[in-house]
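One chain, subunit A, appears in both complexes that follow, with subunit B as partner in the first and subunit C in the second.
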Partner chain A sequence: MTTMTVGTPVDKKRLGQTPLERQEGRFRRSLKRHSTPYLLGLVGIVWLLLLFVIPLISGLAVSLMTGNPEQGYTLTWNWSVYYDVFFNSGVSYGLFLWRALWYAAAATLVTIIIGFPMAYFIAFRVSQRWKNALLLLVALSFFVSFVIRTDMWAFVLSDQGPVLTVLRDLHLAGKDFHILGTSAAVIGGMAYNDLAFMVLPLYVALERIDPRLIEASADLYGNKTRTFTRVVLPLTRSGLFAGILLVFIDSAGDPVNASLLGGTHTYVIGQAIQDAYLTNQQYNVAAALSTVLMIVLGIILFVYARIAGTDNIEDLV
Partner chain B sequence: MTTLASEGATALPDAATGIAHPAIAIHNVTKRFGDSIAVDDIDLQLAQGEFFALLGPSGCGKTTTLRMVGGFELPSLGNIYLDGRDVTMLPPYKRDVNTVFQSYALFPHLTVFDNVAFGLKRRKVPTGEIREKVERHLEMVGLAGYGKRRPLQLSGGQQQRVALARALVNEPKVLLLDEPMGALDAKIRKSMQLELKRIQREVGITFLYVTHDQNEAMSMADRLAVMNFGRTEDIGTPDRVYDRPATRFVAEFLGTCNVIAPETNGGVLRLPNGTGLEVDGVDGRLPEGASIGIRPEKLVVTRADVAGPVATTNAVRGTVVTATYLGASTEYDVRAPWGGILKAFAQNLADSSRARPGEDVVLTWDAAHAFVLAPSPEPTPLSAEKAEEQAAGVGGTSAQASGAGS
Partner chain C sequence: MTPSPDPSLWRGLTQQRISRRTMLKGVLGGVGVAALGSTLAGCSIPGSLGSQNEVKVDWTKFWSDQKPTTKLNFANWPLYIDQDKGKYPSLQAFTKKTGIAVNYQPVIQNNAPFYATVSPLLRAHEDTGYDIVVMTNGWELTEMISNGFVIELDHSKLPNFAKYGAANVKNPPYDPANKHSVVWQTGFTGIAYNTKLITREINSLQDLLDPAFKGHVGMMNDNTELGSLGLLATGVEPTKSTPADWQKAAAWLTKQRDSGQVAGYYDQSYIDKLSNGDTWITQAWSGDVFQAIAGGNKHLKFVIPQEGVMLWHDNMMIPMQAQNPLSALSWMNFYYTPEIAGMVADYVNYVCPVPGARDYILHELRDPVVANSPLVFPNEATDEKLHNFYVFKNYDDYEEWNKVFNPVIQS
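Then we have the complex of A and B:
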């Protein structure tokens, strides 16, 4: 196939070239043609190898070590750690993992509920002049450090903070009503921090929809609800898919929201990994937990992609 | 309903057609966009089963008119009746009207079958009936067996057929077509014109067809309206509008036309050089600012050396400036004695009769072939401004211009 497109030797002879010139020209051209994509991809490949694959393998290796912080850890191929952390450790890591997944799912849902109307509004109802300003506003929260802005939230929602003070003064909240330390606070924090991850891909998908398609739906007896469910929503599927991916993954492994906004009842796997590593120096446990988290997320995303990411979702409905 | 129809009939400028129960009645409709007037007090009535074309240059208000019938724009003034029912304020999905959009607007996420079935599903037609209807209509537009494909896998012509089937399958009272052939190349366009006309006869649905291509309008339409600056300048059958156009704009938009400003001294019409001029139905008096039009193909070209004496009426002796040989015919530019250029198209019957540049010819014509051209009404200052803006913007942003208000 390739030689066909590059040009067969017979063709070259007819052009009056010597065999050497022909070979060299062919080699050079084929080198140019075939190596460019690889050269361009090289940076990314090296990046992934150095910063992703090697840490991944070393993380796996660390999880199979045994030992203690005083005498150090040695690789003993201790596969049973994956069983022990969940069933013999006395710590309910399974619950923390489950909690992290459900918080992440809830936060993702919240970002969809808040983010979809925002993206829709910016894409369809705002004049071209204001679009960029509003998109900047959406991304503006990224300008402040993630930890700082979460901590600011902790201040705003604290028992002595402005929100609860006002609510108590208006007698809308009792003395025992708290926001900080609840699951709602953690989910809210995750949704707040990741909202832009949902809005921006949704905006891109909505922006690409030809307004004539919405007119065509109306022309074909589709009222506003039908037009939305049958035309707009299916056409934003790729944006929704990307948004869910970004928000869910980011929230599932995040320890910051739970530790700053949550309490003892909102302890999640991200915090567990952090504490095992930094506080208890159980490097093998921390590594095993993060490997499990990664595999669980991988499976969830694979299943999700197979169901929602195919081109033929309409055939399933 | 009867009162409405009779009321509409009196308001119709083309009252001679006397439409009893119009499929669409557009009644004194005006549309303003901010300061500019896109459609200026239009009155139109379409008979049941009629193929009606709205013809005009870009920015004349024809697409806006269509979009108001479809429900995508609200008229600023006036009413639109569909089968006698006032639909002026109804949203598109409550109107028994379907549209074939300029860019087809097929749903890219749905198969061809589901695209065509979209309207039927929204109206809760039983599944079996949907299948039967969709397949019948796909067959009608020549796309049987294409149901499982996606719109992007089809050629432009095929996409257009899907758009047509998607609209027709709902059996609307009126089908609106917004320059549906704009994106097709000339060859496909010709065959689609014939096919569209066949389909229209077959289904018997009223078609309102918007185009800027006069050949397209004339070859398909039963009647057409020529629009300019938001107004209808002439409404009638294609041959009537071509042979007896109401205004100079209409005459020139539908084809080449020689326009002569005659002299009217002494109650007799004369050409600028004093030769007598007879026009059927004119007794020597013309309305203010009116001129006389003659189509180039109606002028009989005879070489001066074989013509004999020049007649005293409806004849001009002139010099050929250019002669363009087109195979079947030759197009002449002839300089008239008063300095103006007359265009004449002559069939190439015999080589010996053809004239060359520099030779003298005699042009003669029948009094029945000349017509009076009323001056085009002055555009409302605002709509003129808008048209100019659009005309200026046509080169770069044609899609935008036609989308917004052509």
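Then we have the complex of A and C:
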């Protein structure tokens, strides 16, 4: 039987020390051991504190202020701002919020419809040597600034631009037909800009699927449709979740697509926040709107996560 | 001797381990404290009102203390100075004569966002990085002056302004005696259209309601411009308008929007939309249309509708804490000569603040089109059609205006 010093090999020398000394050493060691995870997490914690928690709290504080740009804003715990912006402001912020959510949902759906076959193709139908090149192509649009890419679409789709001119010359579109300024243009812009955010996580999920599972399904008399719905789709659930998360959140708060590709009835909450802050200097209104947007997005994603499940999500994110 | 169990098992049995939950608790506790701190620290945002007026500045002493510098940072609007192959000839002439290098930055897209960008700096008594800024007479310019955000000009160093400046740019109502500003350019806000796509004559603001142009009308997203057009269209003189008139004007604009006439509410980009054919008819600034025509878009036309046009002034000012105020003054003085003002006016085609520049453009630059244009050197017939902006009495007044006209743009 050996004497047990917990966690470390027996140290003969230490046995000769006074109990007090031994106690202190033990305390220090235990402190070290306890603090290790904290120390490891320190950078992350500081990051979250500085760039997430503090802005969040200060945003909330600003939304509860009252005043105007001339007199300044003071914190008066004015909770009623959350009611007033939606019901007493004369500007239909509720509509803009609703519109942003439906645009984002539509854009997410479009990216799934386009992105799933793309990711599937790259993961299963392409030889190894082309995979990296194709993935690079997916991400290639990020080499150009987001605003310039969107503005180029505004040029391409403009009434006298290449697309509509050709369509009109072929008598496929009437004189009054236009693309810019419609909801479809805004949704299309969002889907275009965020496509890679859907394709890449889906690719990662699809890439992990063991092809033998698909063969096994075929052996068990599963036809192609059933193999896809019962084997492939469930196994990509985590990739789909990550993609939806990235595309939906990004699109819901985005002011750029709506302002460059939209028209008179495509105003979204992102533009409203920008205008409240930059044009009207209504800091409290801007802060209240962004807090509401964040909470609404949080609720939607929480509900979605509860329904769809998030297992394996940590593998990807 | 009994086999000793794995030490890690012992550790697990005897010592409390850090569970995810305790870890989370610790983190949340830290966050809570930090959050409380930040809340208490940042519980107000200072207002702009008089924030730089607290200290009375002795301007005579201020100017006599200044040392000449060799730099000038000039913030202006896009396409608002003469250009030649990416260079600015008037600024080059200035550098040649004075040795002051000009860092010209066309960064101002609209008054409100520009004011929102610089005002927090000025409120905190910090340098904006600009020695000259150009802003339109309106709410933001009035704020700049009343908050003490701009340096008072030393007119003894601006002899050319007194000598060559036009009568209509001296002693304007928004800045008596030109204490803080001198005009850069003056212009009109009227309507412009594409003669290829609209063949009939346009002469009224009511033409903006013509169903033939459905979905192809451009309007401005600057609510002062938009609201003023609404007032003119409903037959109200903007300077004498009341909130009830504003409501009527907003109703006119809303009706125009909801009948599907309006393609969009644009910033400076409206002129691209017009020249590439997205919009057929648009609310427009006179000089932009002239520049577009000079740039090859021969099918564009600017008209002064029978209801009238809005007259505005863009003004050069020196923001507080500017690093090179003497350079700024010396540019202003240099600009107010027939040669330099003529060079700029011949390119930008707005109303020139130096009437003497007309002879220079006619005889030296040999450009009779610009020299004889009533939109660059207005005649009496044009003068009758000019209207000034409504002057806001205070912030509440301005907020009322925003409340009436913002919902038109935000839809």
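Going forward, the second predicted complex is superposed on the first by the 273 of 317 C-alpha atoms of A that agree within 3 Å, B and C clash if a C-alpha of one lies under 4 Å from a C-alpha of the other, contacts with A are read in each partner's own complex, and residues count from 1 in each chain.
Basically, contacts are C-beta pairs under 8 Å (C-beta built on N, C-alpha and C of every residue); 3 or more make two chains touch, one makes a residue touch a chain.
Computed from a predicted model, the values in this text were never measured in an experiment.
Contact with neither subunit B nor subunit C is seen for A:117 once the two complexes are overlaid on the shared chain.
In the superposed model, A:61 makes contact with subunit C only, not with subunit B. When the two complexes are overlaid on their common chain A, residue A:181 makes contact with subunit C while staying clear of subunit B. Within the superposed three-chain arrangement, the count of touched residues of subunit A is higher for C, of the candidates subunit B and subunit C. Contacts of A:210 after superposition on the shared chain: subunit B is touched, whereas subunit C is not.
In the superposition on chain A, A:162 makes contact with neither subunit B nor subunit C. Residue overlap on subunit A between its contacts with subunit B in one complex and with subunit C in the other: absent. Listing the residues of subunit B that touch subunit A in their complex gives 70-72, 91-93, 97-99, 101, 103, 105-111, 114, 118-119, 122-123, 166-167, 170. Subunit C contributes residues 1-2, 4, 7-8, 10-11, 14-15, 18, 23, 26-27, 30-31, 34-35, 38-39, 42-49, 110, 112-113, 116-117, 119, 143, 214-216, 257, 262-265, 273, 276-278, 395, 399, 402-403, 406-407, 410-411 to its touches with subunit A in the complex. Residues 210, 212-213, 215-223, 226, 230-231, 234-235, 237, 314 of subunit A are the ones touching subunit B in the complex. By the touch rule above, subunit A contacts subunit C in their complex via residues 1-2, 4, 6-8, 30, 34, 37-38, 41, 45, 49, 53-54, 57-58, 61-62, 65, 67-75, 90-92, 96, 155, 158-161, 176, 178, 180-181, 262-265, 267, 271-272, 275, 277-281, 283.
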